[in-house]
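When the chains are written out, they are named A, B, C and D in that same order, and each has its own residue count from 1.
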Amino acid sequence: MSKKTNEEILHFESDYMEGAAPEILKRLSEINYEKTSGYGTDLYCESAKAKIRKECKCPKADIHFLVGGTQTNSTIIASILRQWQGVIASQTGHIAMHEAGAVEATGHKVITIPNHNGKIDSNELENYLETFFADGNQDHMVQPGMVYISHPTEYGTLYTKKELTTIHGICKKYNIPLFLDGARLGYGLAATGTDVTLSVIAKNCDVFYIGGTKVGALFGEAVVVPNKNLTPHFFTLIKQHGALLAKGWLLGIQFDTLFTDNLYSKISRNAIDNAMYLKQKLTEKNMRFYLDSPTNQQFIIMENEALKELGKHVGYSFWEKFDKTHTVIRLSTSWATTKASVDKLLTYF
Amino acid sequence: MSKKTNEEILHFESDYMEGAAPEILKRLSEINYEKTSGYGTDLYCESAKAKIRKECKCPKADIHFLVGGTQTNSTIIASILRQWQGVIASQTGHIAMHEAGAVEATGHKVITIPNHNGKIDSNELENYLETFFADGNQDHMVQPGMVYISHPTEYGTLYTKKELTTIHGICKKYNIPLFLDGARLGYGLAATGTDVTLSVIAKNCDVFYIGGTKVGALFGEAVVVPNKNLTPHFFTLIKQHGALLAKGWLLGIQFDTLFTDNLYSKISRNAIDNAMYLKQKLTEKNMRFYLDSPTNQQFIIMENEALKELGKHVGYSFWEKFDKTHTVIRLSTSWATTKASVDKLLTYF
Amino acid sequence: MSKKTNEEILHFESDYMEGAAPEILKRLSEINYEKTSGYGTDLYCESAKAKIRKECKCPKADIHFLVGGTQTNSTIIASILRQWQGVIASQTGHIAMHEAGAVEATGHKVITIPNHNGKIDSNELENYLETFFADGNQDHMVQPGMVYISHPTEYGTLYTKKELTTIHGICKKYNIPLFLDGARLGYGLAATGTDVTLSVIAKNCDVFYIGGTKVGALFGEAVVVPNKNLTPHFFTLIKQHGALLAKGWLLGIQFDTLFTDNLYSKISRNAIDNAMYLKQKLTEKNMRFYLDSPTNQQFIIMENEALKELGKHVGYSFWEKFDKTHTVIRLSTSWATTKASVDKLLTYF
Amino acid sequence: MSKKTNEEILHFESDYMEGAAPEILKRLSEINYEKTSGYGTDLYCESAKAKIRKECKCPKADIHFLVGGTQTNSTIIASILRQWQGVIASQTGHIAMHEAGAVEATGHKVITIPNHNGKIDSNELENYLETFFADGNQDHMVQPGMVYISHPTEYGTLYTKKELTTIHGICKKYNIPLFLDGARLGYGLAATGTDVTLSVIAKNCDVFYIGGTKVGALFGEAVVVPNKNLTPHFFTLIKQHGALLAKGWLLGIQFDTLFTDNLYSKISRNAIDNAMYLKQKLTEKNMRFYLDSPTNQQFIIMENEALKELGKHVGYSFWEKFDKTHTVIRLSTSWATTKASVDKLLTYF
C-alpha cells in the first residue's frame, strides 16, 4: 500500500518499507495487557541492555533506547557538545544534509570535511584538527568538539577496523569524542569481509547506536555509551528533545528480541545475501555501479531512457544526476527481502 | 513486568502501562510485509486523516502524526511562535513543569498564569493580555504568542464548551492561536456530561492533538490544524525536531483503526466507566477526593499510614504532600482497565 | 534632547540619561589616535583588570568587559548552565521580566521564586532546592543550575552580608553557582550602612559584574569570575553572543579610569547623597514611599491627579498601578545628579 | 599601547585600531550632561536616521543602530529567517567562519557556496537555488531563506552594480531577502571606479548595514531596512539578542556626525587614498599581491624570511600560508591613516 505505486510494482526504494521481524510482533502481542512501568524503567529494557552490553563486551556501558535516527543524532550531539563546539562530519553526512538542520536547531555548527564515498579520510581529519588548533585565531571560530561518522555510510560503504582505530586515535589526541551513527549497523556487521564487530566499535567509539528502524524493528535505536561519564543527565536531555517514549518497554522488548538467538545478525545477513546476489547478477548483466558497496544499498548508474522503463516495474530511490544522459539510483534490500523478489527484479534488467 | 513491583500488585499508576487495543496489533500483523512508503506519505495515513477530518467536521484540516506528547508540544509551539513570542500556560501545565524545558530549549518562554484545578481562568487570561498590550514597556518583554491548555488537564478536569468558546474569543481578540493538548483527549470526550466534542474543539482551537499513546495506541498523537496556513513547512519542522517517524504508516494504521467503528470512543468510555465506578465506591467508603475529576484520573487524599499499607498491594502515583499527615495520590484507569481489577482495588480501601 | 520632553522638564527617569564621567571622556580623547589591538587584548584592559582584581581582593579572578546588562546576563548564564539546567531568579528579576526572553532564547528556563522587594528569600530558596532534589521525578524537570540575584535589586534594595553569605552557603550545598547582577553595583556599595563590599561579593559570588553603563561609563560591564574554571572558553562565547567589542580598549580605559583614585566610589556616593537628601525631604513633605530603598532609586506612591500635575514639570518612570487612585513611580538620581536639580525637583512636591 | 608591540612599530593590522573621528568626540563631550532618553528613542537617533534615509534615497526605511558586526549579523539573520530556513553565504563569509557559530547559536544553518575572492558568483547561486527547489526531497533539508554578502568582502573586493542587481534578481525570483554586511561599507563606497552607491544598495538589498566601528566611529552599525515589513518586532529582538544599547543616543550622535558634511565619505576616502598609494608603491617595488583589492585592505604574498624581517618593524595581519616559503598578509589602512605613516611603512619594503 505504498502511496504512488500499485501492488504490481517491486519495491526496492529503501530498507524501512516493511514492519518488523515476526518474533517482535509476537512478543508485543504476548505482553500487550501486562502493566509495565514507563520511560524505559521496565525489566524488558533491563534485559535488552544486558544483552547488548554483553554483545559489545562492554559491561559498564550506559544504554538508552530512542525512537528514530534524526532524533538520536541531534540528542546525542547536543548532549555532548558544549556551546562553543561543533561536530565534524563528511559533507554528505546525514546530519549535514538530510536532517532539516536538526543539529543547528540545537545551536551547534556542523563542520564539514570532504566526502569519500560517504566516508571521511583520517588524514584530512587530522589535517583539519592540526591546522585548527595551531591557528591563534581559533577563539573566533567554532571549536571542533565531536567527530561524526556513519557505518555503513550514506553510500553503503564501511570503515575497516584499521580506519576506525586511526580515526579514534586522532580523536583521542585532540580529546574529541567519536560518534558512530549506526542506523544501518546490522548490515555493516553482517557484510562479507568486514573486520568491524560490535566490540571493535565499542572499543573505538565514545558513543554509537545500533539501528533498529532499518534492521528489523518497527522503530528504535539503541544508544551505547561505553563510558557513561560522557553523557551526564542524558535521561533529562532525551526528554527535553522529545525523544523519550512513554511506553519505553516497546523499545526494550524489540531490542531484547533482536539480541536473542542472534536474530539481529541473521536478518541482517539476509539483506546482505540478497544484496550481494543482486550485485553479482547485475555485474554479470554489465550494469555499471556508482561505487563498490558491500552492504544492502547498491548504487547503479543507469541510462535515463532505460531508467524510465525500469520505473514502470520497479520502485527505486533517485540518488543524483550522473551526467546529462545518466542517473544514479539506489536499490536497497532489507531484513525482509526474499530471493524471489530479487529474481523478479533482475528480470527487468 | 513493571520494574519495582511484583505481579501480585495491582497497577493504577497511569494510563500508559498497557500496549494497544488488540485491533491495532491485528492490523500491524496483517500488513507487516507490505511495502509501504515512508514519512507518512502512505495510504494508511491518508485514510486515517480522512476519518479524523470527518469526525472533527473539518474537511480542510491539516493533519500530522507524531510519536509522543512532549515532542508534539514543543514541535507545535516552536513551529507557530515567532522569536519574540512565548506561550501562555497554567502554572501546572505539562509544558511548564514536566517536559524538562523542551519549550525553552527551542528558545521560547513559557509564560505562566494561575492554575485552577489544572485549568486557566478566562478572566485572568484576558486581564493578563489586556495589561500586557496596554503597557508601553512591552517591547522589553516576551510577547504572548499562543495560549496552551490541556483537555483533560493534568488534574483530570475539563473545560466546558462555554469556557472554551470564551477563551477562544479572547485569543481571537488578541490574534493569538489557541493550542489544546489532547494527550488524554479520548477520556475528555467520553466523560459524562461534557458538551465538548471533537468538532467543538476543532471550531475553537487553532491547533490541537488527539492523543493515542494514553488512549489505546502503542504510541502516537494526531495533530489537527483546522486552518493549515497556521503551520507553514510543518513537515520540515517535524523532521528538524526529530519527531518524524520513518515508518509513518505505523501511526497511520493506528489512528485509522482507532477511528474505525468508534473504537476510540468505546475504549475511552471503558476507562471513564471504571473511573466513575471507582469514584462512586470510594465516595461510599468516605474517601476524600482532592478535586472533582470527571475523567480517568482520580486524586485522593490519604492518611500517610493508610497509604503505606495501600502501597503493599496497589501501585499509585504520588502527586503531592497534602499536609504533614496526608498525601495526594492519583489512581488512573485506562482503555484496558477491567471492572474486576477495580473491584479488587476497592478491597484495599 | 530627550525625546518626548522639552528642555524645561527635570529628568529623574533613570540613571542612564547622561554620558560619562568627564575623566573618561578626557582619556578617550587622549588616546584617540593611538593604535591599540582589538578584542580586549590591549594594555588598558590589562590595567583595568589589575585594579579591579585588587579592589575585589581576588588576585586570580578572570575579568571580562562586555557592553551592556542584558547581553552580560544572557552570556554569563548561557555560558555556565548546562543544557538540562535553568537559572533561579526572583519573579521580578530583570532576566525574568525585562530582557525580552534573552535567557530562554539561549535554551534555558528562568525558574522563578517569590519576590520580596526585589530580593529572594534564602529560606524559600533552600526550600525550593530541597524539595526539588528530594523529588524522585526531577528527571522530567529543568534542574536548577544557577542562582541569579541583583544588588541593588530592581527595587533599589540591598542584601546584607549575612544574607549573601547564607544564600551562597545554600548554593554551595547544592553545588550551584551564585551570580550577582551588579548593573547598579556602585550605588549598592556606596549606600549608607551596607556591609557588602566588593571583596564580600567576590568571596560570596561565583560570578558577578560591576556595572558601568549606569554608573559613570558611557557603557560597559566588568564581569568578575573569582574562580576562572567556571567559565571555559568564555571569550569564544562572548563572541558567539555578539558581545565582543572590536575596540575592547574602550571598555578597558573606562574601567581603568573608574577604578583610579576611587572615582567609581565617589560618583556613586554622589548619587546616594542626592537620593538620601530627596528621600528625607519627601518624607518631611509626607510623601508615601512604596518601599524603603537605601540606593539611588526611590519609589513613591502618588495620587493620580497629583501625578498628572507633576508630570508637567518632572520626568519620572511609571512603575505600576498601586490602586485605582494611586500610582507607584520611580525617581532615580545618578552619578551626575546635582543637588540644585534635586532642590528644583522638590519644589514640585 | 597595542599589547604585544612597542611604540616603535608601525601598525597596519586592521582598520579598528584607532578611536573615532574627532568631530564625534567633540559632540560626545558637548552633550555629556544632557539628559537623553534611552534605547534609541532620542532625537539624535531621529536626526541620524533622517540623514541616512536621505543619503539612501529611501524615505520610508526602518533604521536601527546596533553596536558591533557579529551582533548585527546574527540579530538580523535570526530575526528574518523562519525556523526551517538557513542563510546562504560564501565559504569565506564572516558569518561562516569567524563569528564563533553565532548564527548557528540562534538555530540556523549557514549554507555555504564557493568563494571567489570573497564574493559569491551569481550563476552558482542561481544553480544552487534552482537545484534545491527542483529537488523533491527538499523537505528533509534546510531551506535557503536569505542570501548574505559583504561589501567590501573579507578580501577587500567589491561587487559591481550589475552583479548586485543580478544577485538581487535571483533573490526576488526565489522570494529570498538579500542581506549586505557593510561593516566596511564606507571604504567600498569611496573606492575608485565603483558604481555602487548607498542608493544602489538600498534599491538592491532587503536589509544592509552601514559600518561605523571600522569607519570612524568608536563603535556602531546602522541597519537599514528599506521595507520595514521585513522585520516585525525588531526592537524586541535586538533586546533579546543583547544588542540594545541603553544609551542609544551614543549611536545616534555618532551616525549623525558621520552623515553631516559628508564626513563618512571624506574619512573613507582618506583610507582609500592611502591604500591606493601603498598599492602603487608596492607594485613599483615588485611586491606580489594575492588579489586585486580596490579598498583599504591589501593582501600581499611575502617570502617567509622577508616577512620575519618586516615583522620587526611593522604590525600586519597573518592571513594564510601561501606555500611552503610564502605567506599571505593583510595590510589595512583606515580613516585615520596618514600618508606619513604609509611612507614610513614603504621604507621597510
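Keep in mind that, in the parts below, a residue touches a chain if its C-beta (ideal position, glycine included) is under 8 Å from a C-beta of that chain, and two chains touch if they have at least 3 such contacts.
Just so we're clear, the structure is a prediction, and the values are computed from it rather than from any experiment.
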Open item on the list: Among the chains here, which has the CA centroid at the largest distance from subunit B's centroid?
Closed with: D
TODO: Give, as an integer number of Å, the spacing between the C-alpha centres of subunit D and subunit B.
DONE: 50
Open item on the list: Distance between subunit A and subunit B based on Cα centroids, please, to the nearest Å.
Closed with: 33
- [ ] Mind checking the centre-to-centre distance between subunit B and subunit C? Centres are C-alpha means, answer in whole Å.
- [x] 42
- [ ] Return the residues of subunit B touching two or more other chains; collapse runs of consecutive numbers into ranges.
- [x] 83-84, 99-101, 105-107, 139-141, 236-237, 239-240
Open item on the list: Based on which chains touch which, is the overall arrangement a line, ring, star, complete graph, or other?
Closed with: complete
TODO: Would you mind writing out the residues of subunit B in touch with subunit A in their complex?
DONE: 1-5, 11, 13-14, 16-20, 22, 25, 28-29, 31-38, 41-44, 46, 67-75, 99-102, 105-106, 213-214, 218-219, 236-237, 239-247, 249-250, 315, 336
Open item on the list: If we count contacts the way the header does, which residues on subunit A are in touch with subunit D in the complex?
Closed with: 83-84, 86, 97-101, 104-110, 137, 139-142
Task: In the complex, subunit D residues that touch subunit B - done: 78-79, 82-84, 106-107, 139-141, 143, 232-233, 235-237, 239-240
